[in-house]
Each structure stands twice: as C-alpha cells, then as structure tokens.
Amino acid sequence: MTSTAPQHDINSPDNLARRRHGQSVLSKIDGHQGEAVVDSLADINPALGHHVAAFVFGDIYDRPGLDARSRQLVTLGVLTALGGCEPQLKVHIGAALNVGISREEITEALLHAAVFCGFPRALNATFIAREVFAERDDPLAS
Amino acid sequence: MTSTAPQHDINSPDNLARRRHGQSVLSKIDGHQGEAVVDSLADINPALGHHVAAFVFGDIYDRPGLDARSRQLVTLGVLTALGGCEPQLKVHIGAALNVGISREEITEALLHAAVFCGFPRALNATFIAREVFAERDDPLAS
Amino acid sequence: MTSTAPQHDINSPDNLARRRHGQSVLSKIDGHQGEAVVDSLADINPALGHHVAAFVFGDIYDRPGLDARSRQLVTLGVLTALGGCEPQLKVHIGAALNVGISREEITEALLHAAVFCGFPRALNATFIAREVFAERDDPLAS
Amino acid sequence: MTSTAPQHDINSPDNLARRRHGQSVLSKIDGHQGEAVVDSLADINPALGHHVAAFVFGDIYDRPGLDARSRQLVTLGVLTALGGCEPQLKVHIGAALNVGISREEITEALLHAAVFCGFPRALNATFIAREVFAERDDPLAS
Amino acid sequence: MTSTAPQHDINSPDNLARRRHGQSVLSKIDGHQGEAVVDSLADINPALGHHVAAFVFGDIYDRPGLDARSRQLVTLGVLTALGGCEPQLKVHIGAALNVGISREEITEALLHAAVFCGFPRALNATFIAREVFAERDDPLAS
Amino acid sequence: MTSTAPQHDINSPDNLARRRHGQSVLSKIDGHQGEAVVDSLADINPALGHHVAAFVFGDIYDRPGLDARSRQLVTLGVLTALGGCEPQLKVHIGAALNVGISREEITEALLHAAVFCGFPRALNATFIAREVFAERDDPLAS
C-alpha cells in the first residue's frame, strides 16, 4: 500500500480500486437492481454505498471458500428470517436466479425456512418471489 | 385415510406412521443430537416433539425439491440471523457436517451471514461451530 | 395409512384429506381473508399453501388443548413482537374478532405487548387494527 | 398532584405511591421471582426497577380492559417470539401458572407459537417451561 | 397524590397532568409528526396514546441523566436494529435533526449500525433518512 | 495498490496493513477483551477475525464523521435491541466506559432503549452492565 491516504478515505486510490472490483462482482450477481441500489446511495450515504460494493461484494462475495449458489441460499435464509427486508429479498431472489438456483428451489427454500422462522416470514418472502418471477416473465411490466 | 381418529390425535395410526417416518429422516440428518431433542420433549410437550418429527422432518426435510446440502445452508442462514438459537445451531451445524458441508464452508457461510445480519450474530454462531468441531475431533470430551 | 404415496406428496389422498380438513378450520377462524392467502399460493408455492392449511390449521389450530380465544391472544403477541407481519396481523386481528375477542381487548392486548416488545411494534399493530375495524364497519370501503 | 417534584423524580411522593401500587400488583402476578428482579435493580438501575413496578405493573398490568389470563397469553407469545428472553420467560411462565393457566395450556401455547415464530423459539421456551414446572414440583431443588 | 382515582385511569387529574407534561416534551423533540401520531391514537387506542405521551416522553425522555442528543443516538440504533419500524424512524430521524444531530452524523450512525445489525437494516433506515431530509428541504412536497 | 494478490486474500500486504490498522483502533476502544475476541477467531474463522479488525474497526470505527462517544451510544442501542448479544454487550459496555460514557449514562441509555425494544431486552442488557461494572471495581474477581 503505497498510498498515504487514511484507510477510511473511500476515495483513495486503494479504496477506489476495491470499490471498482466490488462493483464488478456485484453486477455479475445482483445485476442492474444491485447496481441501482448502490448508485442510489451516492447522494445520501456514499460511504454506505462504498462499503456495500467494496466490502460486501469485493471482500466477501468474491471469496473462494463458498460457491455462489451456496452464498445465495444462506442469504435467502438470513433475509427471510430477519423480516422487513423486502427490498433486499427482491434483489437477492433475483440474484439466486442469476446464479442458477431454480424457481422451484427458491420457493422450496422459503417453505423450508418456515420451519425455523415461522410461516409469516416465509409467506412474505414468497410474495416477493412472486413479484420477481413475474418481472422475469414480463420485464416490461415492472 | 381409513382411520376415524381426529387429525390432531398424535397417537392415531396415521400420525404414528408419519412420526416414525420423520424420525428416520431426522436420525439420518441430525443424528443422535436431534433424536435426543425430540426424546426430551416426551414428558413436557409430546405434541411439539411429534410435530418436530412428523412435520419438520417427515413432511418438509424429506421433500425432493431441494437437496440436503441446500436445506442446511438455508437453515444455517435462518438460525444465525434469528439469534438466541445456540442449541439449534449446535444440532444443525452438526447436521451440515453430516450432509457433507465442510468445516471451511460452514465458517465461510457464517462470515457471509455477517453481511446481512451483522457481526455479533456471526460471531456467536462461529463460537458454536467451534464447539461442534471440537466435539467431532474428540467425542469423548463433550 | 393404506396409501403408498410418499408422505411428502401433498396431493396424496391422505394429504388431500388433511388439507381439506385444515381448510375447513381455516375458513371458520380466518374467514375469506385466510382462504384468499392460501389460494394465492397455488401458483407460486403450492406446498407452502398446503402446509398452512394441513399443518397450521388442520394439525395445530384444531387441537383441543387450548381454546380459540387463547390461541388468538398468543398469535397477536407473537405477530406484534415479530414486526414486519402486517399482512398476517390483518388476517389474525380479524380472526381475533371472529372468535369473540372484543375490539377493546385487542387494542388492550397491543398496549400490553408494548411493555415487552416496545412501543413501535405496538403502534404498528394498532394501525393495522384500525384498518381491520374500519373494514368491519364499512366492508364495501375495503 | 400537589407535589412540586418533577415528574421524572422516581422518589417523589407521587412516584413512590405509583411504585408501591405496582409492586403490589407485581407480587400478586409474578410472585417472589418478579419482586427479586425489581429488587436486584436497586443498585444498578433503580429507575428501570421503578418503571418495571410503577409503569409495567402499576399502569399496564392493572388495567381492567383485559383479564390476567389473557395478558399472560399475550406475554407468552411476545416473549417466545422475541427469543433471548429466557429469564423473563421463567418469571412469566410462573406468572401464567399463578393466574390459572394450566401446564397443558402453556405447552400448547408454545406449540401454537411455533407456527408463527418457528420451532427453535418454541423449543427454547418449552425448555424453560420444564424448568419452571420442575421447580414447582420440588421447590427445594431450585 | 390526593386523587382517589385508580392509577390506571388515564383521565384522572394526575394522569392528565402527566400526559400534558409528556406532550410538551414530545412536541419539543418530535415536533408535529410526533404529536400527529399520538393524536391519531385517540379514537383507536387512547391508552396507548396516553402512555406514549405520559410514560415515554413525560417519564423517560425528560430524565436528566442523558442528554437529548445521546437519547436520539440510542433511539436510532434501536429502531434501525429492530427493522420494520419505518414510521418510527421517520419521526425519530426528524427528532435527531431537531436536537442538533447533523445529517452527516445521522447517515454515519446508520453506516455504523450496519456493522452490528447488517447492511439491509442500515439500507432501509438510510432510505427513510433520505425521505426525511427531502421533506426538510422542501416541506411543501411531502 | 501495487500488490497483485486478489482482494479477498486476507494475508496480502494490503490486507495485513488494513488489519494492523484496525487492530490498533480496536485495542484503543475495546481494550483487551476486544483483542481477545479477534485472537480467539484465529483457529476457527480467521477471515471473520480479519474483517472484524480490518473492516469494523479499521474502516468504520475510525471514520471521522461521528465521534467515539456517539458510536458507542448507537452500538448500545443496536445490541440491546437485537437481544442474544450478551458477549458483544459485555465488550461494548466496556468500550462505552473506555470512551468516557459514565455508568449512569449507560444505565440510562438502557432504560431509554426499553421504550423502543421492550423491558426484557433492557433488563438483560442491564444485567450485563452490572457484570462489567463489577469487573471494573474488582478486576481480579473476573
């Protein structure tokens, strides 16, 4: 690290490189919806947007120790259990499709989650899955 | 269904068959620890024990739409996110090992979960993973 | 159980009977709104719909060990505490009225819950109660 | 209110009267265990102890709009759903027994809660119920 | 306390004084939005409205042991972590501005919270902050 | 960034520098207890330990937009609300003392949190505060 900028400076050359790398991972997994979330943070909380790209996708999502499919299954479990994460579920159910998890596997995963976090959380996540699937069938309608 | 017993009668022939089937699925996935949990409910809440076996394992875990590995990844995500589920994490981190998820994948899944439910939940789940791994290394020590 | 269908087959004669029984319990407690939720799952996650009917209502709600009023009080407590369950609160505040819990008791239960899960959750549940009560007063307006 | 003490002064005559009234309600419902919790706060957070007595029990628990049995059913639902409230569940499962809810109704309520907040929360609450019942059977053993 | 009204009577002279005092604290911190929430409870759950004013603001918010800025920082942490509290976050992000916390500190606090409760909760709270800031910039647009 | 190591390599020179910087921030705020948590992860989940140091403390805690006192108040709010974070509360109540928040302010913050996340969460956090304060009074006893 030849830069003398402090580590917290999100616009240092090092952090710019980390963010760009994260954005490339993000766009592969979450597609346009994920990019749109990060872009939308530029005015209100740019550091949050930086860390979603640089840390979440550049540091974590890109690690080789767990394949993309497995990461999305864990993500579906966490987001369904938390509740109140409908916007994130929308992005990550789309991401699950992007990495090759089938619609049937996604809805089965949500039924499975019901056992551990209850039927209301599973129902709410399933309603989001329906929206995501409908948008994939008819992208112009969304 | 030839039985005239009401559906809620957990000791009807139909429900006995459902429970036995569930127990066989449970013992394959969760092993002795899972069986011990269900057995321990016999005196205090036998209907809860019945539904853990008959519904959770007989009805849900055995469904063909999602492989055992994927189910455990969703389960790890849900239990880590919920928090306060240390006893269940202990059983299901063991179950993750039983269905072929490696130790490295499990700890990687918990790091991944930190992104979505925060570091404290991931840390607490990792401390449970350490206990489970130690018991596998030295079963007599537990 | 004379059927040779696997237990997880939600369209076996046994499971069809379980689901039909559950739907009759569901319609008595949750009325049209509850039925609509299950029906809406037919295309996206039919197994989830099956288990809401067969397990939640057929197996659990119909058990004789706790009266319908008590079950709805527990349900109000759980759904208020979970948060993010507005659609389910809407159905189950309606169900509370259906089993004879008065409006005053419902809002009192939500105030009581505030002690244990905080005022924001109690406020959000109360806003749903207002919607449910308004729809009962003027069904055509909903 | 003839007192000129500020409302936040927990040792004003008005607040002392409110706290004493709350303590009498508390001791009727929660018994010695509830009193012990409030007493234990005297050194570390006396204002928290004051408000548990004066507000929770004096203001809320004593309200006539919902009977004691119903309040404890809501409480069991909330505490089971929250998770991580084992000390409070211990006191309030005891309180449920104190207001006439049977052991069978309590365990049935916890099974019922599993539908809405998942089996792990219901299991953990059931393990606490077992402790409470055992202590009632053999008070000297606790 | 010369009043002979029971403590739970929210319209006794004592409780009316407590409520009025709380409303004056509430209006200073939460402004019109907070008042509107309490007013909106008058028809549906007046006791909940009373305790929001008399207890939350009259008893707790007005205590001298913690300054207003610190209280709002704790509040932001709790509401962000709970999730599903968007209406309350809207009021309390406004309150944070009212007590002198800057926009930059608020969004920094939400980024900080992401570490402990995960990025989805921080993102959802940030989206609410954007709404609040926009309304302050253009009050007529809201 | 002159290094050619991938961003996810936690032992690259860049990440080693980030981690070392984070550890120095961590030791200033959390003291020995925080260091002990990170050290204890070395064998079981070193990447989690890296990101606690490099991301949580190096990237976030060290940012200039919010003072240390304010960060700890947000942290107390989040951890109290989450529940089940007793080990983290222990570290961060200690950290609150380290950055100059008084014992009285800490317990007042926990009482304040009760309003938003309920009394059980506030009680459990207060019990942890008592442990932390006792250890400060008598370090040898812990």
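As written, the chains take the letters A, B, C, D, E and F, and residue 1 is the first residue of each chain.
Heads up, the rule we're going with is that a residue touches a chain if its C-beta (ideal position, glycine included) is under 8 Å from a C-beta of that chain, and two chains touch if they have at least 3 such contacts.
Because the structure is a prediction, the values reported are computed rather than measured.
Common neighbours of chain C and chain D (chains touching each): A, B, E, F. The minimal number of chain-to-chain contact steps leading from chain A to chain D is 1. Note: centroid distance chain C to chain E, computed from Cα atoms, is 31 Å.
Chain C and chain F have Cα centroids lying 40 Å from one another. For the pair chain B and chain C, the distance between mean C-alpha positions equals 26 Å. The set of chain F residues touching two or more other chains comprises 47, 51, 55-56, 60, 63, 65, 78-79, 82-85, 88, 108, 111, 114-121. Chain contacts here are complete: no pair of chains fails to touch. Interface residues of chain B, counted against chain E in their complex, comprise 114-120. Residue ranges on chain C touching chain B, taken from their complex, read 1-3, 6-8, 13-14, 17-18, 21-22, 47, 51, 55, 58-60, 62-65.
Residues of chain D that touch chain C in their complex: 55-56, 60-61, 63, 65-66, 69-71, 73-82, 85, 88, 104-105, 108-109, 111-117.
Only residues 83-84, 107-108, 110-111, 114, 118-124, 126-127, 129-130, 133 of chain B touch chain F when the two sit together in their complex.
Chain B makes touch with chain D in their complex at residues 37, 41, 43-45, 47-48, 51-52, 56, 78-79, 82-85, 87-88.
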